[in-house]
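Following this line, the structures themselves.
One chain, chain A, appears in both complexes that follow, with chain B as partner in the first and chain C in the second.
On to the complex of A and B.
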């Protein structure tokens, strides 16, 4: 007979896998549509006399936005769960979230661009038509994965929070992780490939984003193509690790004092991450610094 | 009918206020560089104060909810209350540590910058020299060890505060007189969760006004502003608690 812990671990692994895919899709969605902190440069570019063809919809931070999409989708799914199968309920719920995201994208992009008319930033209708389906598609995958693992936590793992509340909380967390990790690839690297590698962005180059693409003028599709190679996957890894490690330590221990073991395991994970961070820090310092030649002629790489 | 005045349980209100203060303090520990950090122009995580603190705090709340469900359906003893709080703290610490670590991978292996603080000459924990590693035209970049440890402490405080608020609100909405084997109804759990998240957001926003955009951690000169945040969070949390506790108690 199968040990119940194996089934429990399988479920925990499934939540981690869903979170990984959801996190990656979440970050890539924010790269196509340029939502989050790097968008400050997209917004600034037009004001610095650099009109561009980058989609721009950052009228809200990613965490509250994803909290909204996930909670709305989960509410629809929770209602539909009473009359149809789980898979269809979650799929239709996510579709509602994706449609809301599409509406948000169109209005936010048009509003933001219209507000920049004094800087001669044009509103390209072909970009609206071309980008919004890609935004909705990435958003759909992200929302579906997040509400799916919320459903698993609620129904199978027995979490007391109702599905919409869990989806809201995980949506906020997914947005926070996406804007903290993967978006740095978009903001510090992809937007400024015209600057030397191996140093931070000099504040005097703010707004001077890369506007020419591999072919033609660069747009959100070109950005997501590049960010899908590093920023997206690592964001998925971050959300997946958060969900997996937190659920793993809550599930693996059974019997007496399981609560204390779960707490101690969590503390050990945190200490290991601090040590790993130190190793990465040392590698970074060895590879890129010090910037001794700063005074003579810019940073050395 | 429940007596209106008795709904204002002073102990619950005081404990929720303490939870709010812990959250406000925790936010000051979390190294956030805001939009400049997303362009490797400032030290810290490249997002807003409230966003990251809320992400970590809500993950902690999910862990605390799990733990409360395991322990508290027959009422919480003092040691069980501590277990719920520590569990929430560990959940928040895991989220913030994973986020900072993966963010660090992006800074070092994708953007190509060494983690460095521009606010101190030497890292107070590792003793590494900082200023010569700051690249031209920036205020530091990445997450040096001191900021990482500070962020973990921030997660600890934020997660503890959020879970304390959740546990107290659950006790107010699900007191001994109505406890059953079935456990609390989903409505009570949902309301306690939403109020906890609400109190969390209020305190995170109040604290982020005090920070004013970016902070590197406890070694940052801005950290000296914490006493002001404690007073503001005390007032804000007291108001939140005075509203939340009677509502939860009135559900019975």
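On to the complex of A and C.
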């Protein structure tokens, strides 16, 4: 007979895999719509006389927004679970979450663009029609993955919280990780890729984002294409590791004092991650150093 | 981000009138749902809770709009989540207190509202005096957002459970504890209620923001959250009360989404199907 720990580890791996895909989709969704970190420069661009065709949406910060999509999807799934199979309940629940995301995206983009009329930023309706389905599609994958691993934690791992509450917490976590990890790739690099890498953002460049694409004018689709190469996967890795390591440490130990071993393992993981982060930061500083003026070989201001 | 010009926000409806609409509308919605359900011994009138939540939410959205027009960009969600955290704590406190000290449940929303206002005042004073944010209307707006948040939470609780009773000695009774807290639907109420209040200004942020357009977003988002609460109430109240809440919520959404689109066309520089960017000459 198979050792139960092997099945438990398989379930832990499954939650990690779902979180990895969900995290990547979450970040890419926010890149299509320029939510969170890159949003301030997209918002500023029109005000600095740089009108653009980049989708501008902000939905009250990515963590609360993802909390809402996931909690709503989980509520619908929890109601449908009374009379439906798990797979269909989660799929239909996620669809409702994705539609909700689409509804909020439309008001966010149209509202912000209309509030910039004195800067003559037009509201292009083809952008709304073109971008919102892509936002909803990425959002669907993200929400489906997040509520799926929340469901696994609730029913198979025996987490005491009900499904909507777990989905809310993991939605907020996914939004926070996407906002702080992957979005920086778009906000700091993709928006300013005409500047030398690592030069920092001079105040006089505020709002002067890249507005022309490889072909034609740059839009959200061009940005998600670029961010899918690094920002998206790295967000997926971060959320996947968070979910995997957290579930691993609470599953691997059995017997007496298992909870204490889990707490100690958690502390060790946190210390190791802090040390690794510090090493990465030091290497980055060594490689790129402080900001240099033009005559010293730095960026033009 | 400081995409907004700092200064007081203008608008057609005065802050006091919106506050009266929010407080009276919110409380009337809560009481109509609860009392009519009690009198008729049905749960058909739970949708009044959703309408109360929308009115209270619009008041909260207007308060967010006024405080955040002082240059808070990314601070919009932060300030709102603090106030709504206070709102939900006060809401649960007010409703649970009626059960604990055995007083009529109709006093619950009023106790909760007063507690939320007091916590909001303390938080607003701390923000201005200790954190030195120095926003002239900070105290008042924190009281308003916390109060509005508290009313939205209670109203959505009533929409799902159809009652104001927090806990009962009779195990089979539908209470807020069994139908909203233990099922986890409180997650939707908290974050959905928060988004009714936070999203409108965040969605319409910019120097040419206008009050009517922002508040229409609040009503429209309130309609969606009301419909979702109706879906949650399917598990608690049954098909007919849930369907009423869902249909009325969606109707409100359709009407106010249309109004929002019309105001967007009024306010935007120009709405075009597609096109190139404005030229240098056009920008002058």
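Everything that follows uses one rule, which is that the second predicted complex is superposed on the first by the 288 of 301 C-alpha atoms of A that agree within 3 Å, B and C clash if a C-alpha of one lies under 4 Å from a C-alpha of the other, contacts with A are read in each partner's own complex, and residues count from 1 in each chain.
In this text, a residue touches a chain if its C-beta (ideal position, glycine included) is under 8 Å from a C-beta of that chain, and two chains touch if they have at least 3 such contacts.
Quick caveat: nothing in here was measured; it's all calculated off a predicted structure.
Participant: With the two structures laid over each other on chain A, which partner does A:162 touch: chain B (first), chain C (second), both, or neither?
Facilitator: In the superposed model, A:162 contacts both chain B and chain C.
Participant: Go through the superposed model and pick first if A:104 touches only chain B, second if only chain C, both, or neither.
Facilitator: Touch status of A:104: second partner only.
Participant: Please indicate which partner A:180 is in contact with in the superposed arrangement: first for chain B, second for chain C, both, or neither.
Facilitator: In the superposition, A:180 contacts chain B only.
Participant: Figure out whether A:58 sits in contact with chain B (first) or chain C (second), or with both, or with neither.
Facilitator: So A:58 only meets chain C here.
Participant: Examine A:144 and indicate which partner it touches, taking first as chain B and second as chain C; both and neither are also allowed.
Facilitator: neither
Participant: Which partner, chain B or chain C, touches the larger number of chain A residues?
Facilitator: Comparing chain B with chain C, the partner touching more chain A residues is B.
Participant: Is A:126 contacted by the first partner chain B, the second partner chain C, both or neither?
Facilitator: second
Participant: Taking the superposition as given, does A:278 touch the first partner, chain B, the second, chain C, both, or neither?
Facilitator: After superposition on chain A, A:278 lies in contact with chain B alone.
Participant: For A:74, decide between first (touching chain B), second (touching chain C), both and neither.
Facilitator: In the superposition, A:74 contacts chain C only.
Participant: Applying the touch criterion given at the start, work out whether A:211 contacts chain B, chain C, both or neither, answering first, second, both or neither.
Facilitator: After superposition on chain A, A:211 lies in contact with chain C alone.
Participant: Enumerate the residues of chain A that count as touching chain B in its complex and touching chain C in the other.
Facilitator: Shared contact residues on chain A (touching chain B in one complex, chain C in the other): 40, 61, 161-162, 165-166, 168.
Participant: Taking the touch rule as given, give the residues of chain A at its contact with chain C in the complex, in rising order.
Facilitator: 39-40, 43-44, 47, 49, 51-53, 58-61, 64-65, 67-68, 71-72, 74-76, 78-79, 82, 96, 100, 103-104, 107-108, 110-126, 161-168, 211, 217
Participant: Taking the complex as given, what residues does chain C use to touch chain A?
Facilitator: 1, 3, 73-74, 76-78, 80-81, 182-188, 190-192, 194-195, 198-199, 202-210, 213-214, 217, 220-221, 224, 228, 231-232, 234-235, 257, 260-261, 263-264, 267-278, 282-283
Participant: Which part of chain A faces chain B closely enough to touch in the complex?
Facilitator: 36-38, 40-41, 61-63, 153, 158-162, 165-166, 168-170, 172-173, 175-177, 179-185, 187-189, 191-192, 197-206, 230-231, 234-235, 237-238, 241-242, 245-246, 249-250, 259-260, 262-263, 266-267, 269-270, 273-274, 276-278, 280-281, 283-285, 287-292, 294, 298-299, 301
Participant: Would you mind writing out the residues of chain B in touch with chain A in their complex?
Facilitator: Interface residues on the chain B side: 34-41, 45-48, 51-52, 54-56, 58-59, 61-63, 65-71, 83, 86-87, 90-91, 93-95, 97-116, 126, 128-129, 132-138, 140-145, 148-149, 152, 183-184, 186, 189-190, 193-194, 197.
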